[in-house]
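So that you can tell them apart, the chains are marked A, B, C and D in the order they are listed, and the count of residues begins at 1 in each.
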């Protein structure tokens, strides 16, 4: 699969902000956050993006039999973040092709705006048995509306 | 519930050894392992104890509809362990009362024997719907045999 | 060391509330949160307790050369919690003996009050080189004031 | 920075195999491993590659003041893996440009060879204060030798 170009700002795709603090459990002996935590913060960004932009929690989506397993992830580490630092997670999303969903995430320090990590995740649509499905029409409709709102 | 006395050596309950290395992801900015990792290492100890002593993986047990959710855990942190240190996980187990399973775990440095953490976990027996069940007879039989073997 | 009695409500020790959502990364294949995450949530509770009650972040405390490594932890798992559930973390704290700090934590569902997990952690005081120290006088003073405030 | 082409087999860069089992703590409610765990397994692969190919643990490298923080990571999720599944982690490495180190990792099921995840990580060289440095000559020499050995 040809990967979509990373981190190009997508016109009309509104971003959502989430604040979170670096937990002590997320640090490592280098004194910054351990790299895999970024993917866990990306998940927090997706969760809040869906709740606010689609008016639908991902928990509710799974309850309706639609799952969004990761198929690809890309991360660029741009600066450190220490325990208790307050971070701003900015997320945007859009359908990628016919059966993929893509989230772009930027994480910066809340106080200074200094960059921490950015990247994207690409998700398939599957049913509860992990069989690939097309995104339901109502879901695609909500995505289109979310992309148009300011 | 009255907690069982912690860490009393249980006669006739054979222990099993597992070696594992501290991962970088398991360290924190204090330079030792983050405290919650101990519970993850306890799980590794339980997994190998069941495989070796019961001749039954926990995965196989769940496949037969028997789950062992934690109801209680106790941890004593006795010394640090750094990234890449090789640890020895010593596990013993026994039925506790009629419907509880208890694992006692000690973790030491493999090279020096210096203590790292010890503690216990207590588990209920449930079915797939999380309803409490009695341990199946065949499971109790295997536990009795495991406790007798050297 | 004789463990302090677990979970006895301590008169005059005010509790602080923190809300957090269960992350997908914190679930396991049983469908509830993985047990070790509770210790990570306890840490979030301690962090906010110190910020609000002592007027001092734990990050600032470490910056002054005072560290609080865990020496003991006890957990009782009282009910499940699923991805995206909103939890209320209630924390209280007090000096335990001359050189120990104890946090008691209760985690409940925010909406129903149903219990999820409760327990305590006991911490030593050390310097940056992990040598045991007495709690600084100014710290003990703040703890005493925190215990008296409503 | 122009990212190196992903996953092209690099001639002469020998791979090393590590086996590991999926921990229960690494699963999520979808029943497979949570995505961020892949980066933790990649770390295990790097650690063993360095120990076996360079004759130098990463712990020893840090002790000599050379750190390898991640600057980029890419992951492709190719198949599920369940609790207790035995995985084979295959790692290769090489210098990328003058001051970058790149690890390519493939993770497959040990028994069937079915793919689980593949990807790469790119690392900077820094000193203990996180200032970028050139890789030490002795390190570059060992890398060259490692790349030539079968």
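In this section, a contact is a pair of C-beta atoms (placed from the backbone, for glycine too) under 8 Å apart; a residue touches a chain by one contact, two chains touch by 3 or more.
Bear in mind the structure is a predicted one, so any value in this text is a computation, not a measurement.
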Which chain's mean C-alpha position is the greatest distance from subunit C's? D
When A-C is set beside A-B, which has more C-beta pairs in contact? A-C
State, to the nearest whole Å, the distance from the C-alpha centre of subunit A to the C-alpha centre of subunit C. 30
How many angstrom lie between the CA centroids of subunit A and subunit D, rounded to a whole number? 24
Subunit A to subunit B, mean C-alpha position gap in Å, rounds to 36
In subunit C, the residues touching two or more other chains are 24-25, 36, 39-40, 82-83
Would you pull the subunit D residues touching subunit C in the complex into a rising list? 24-25, 27-29, 31, 34, 36, 82-83
Which residues, counting only subunit C, touch subunit A once they are in their complex? 21, 23-25, 39-40, 43-44, 47, 57-59, 82-84
Looking at the complex, which residues from subunit A come into contact with subunit D? 30, 32, 35-40, 67, 69-77, 80, 121, 130
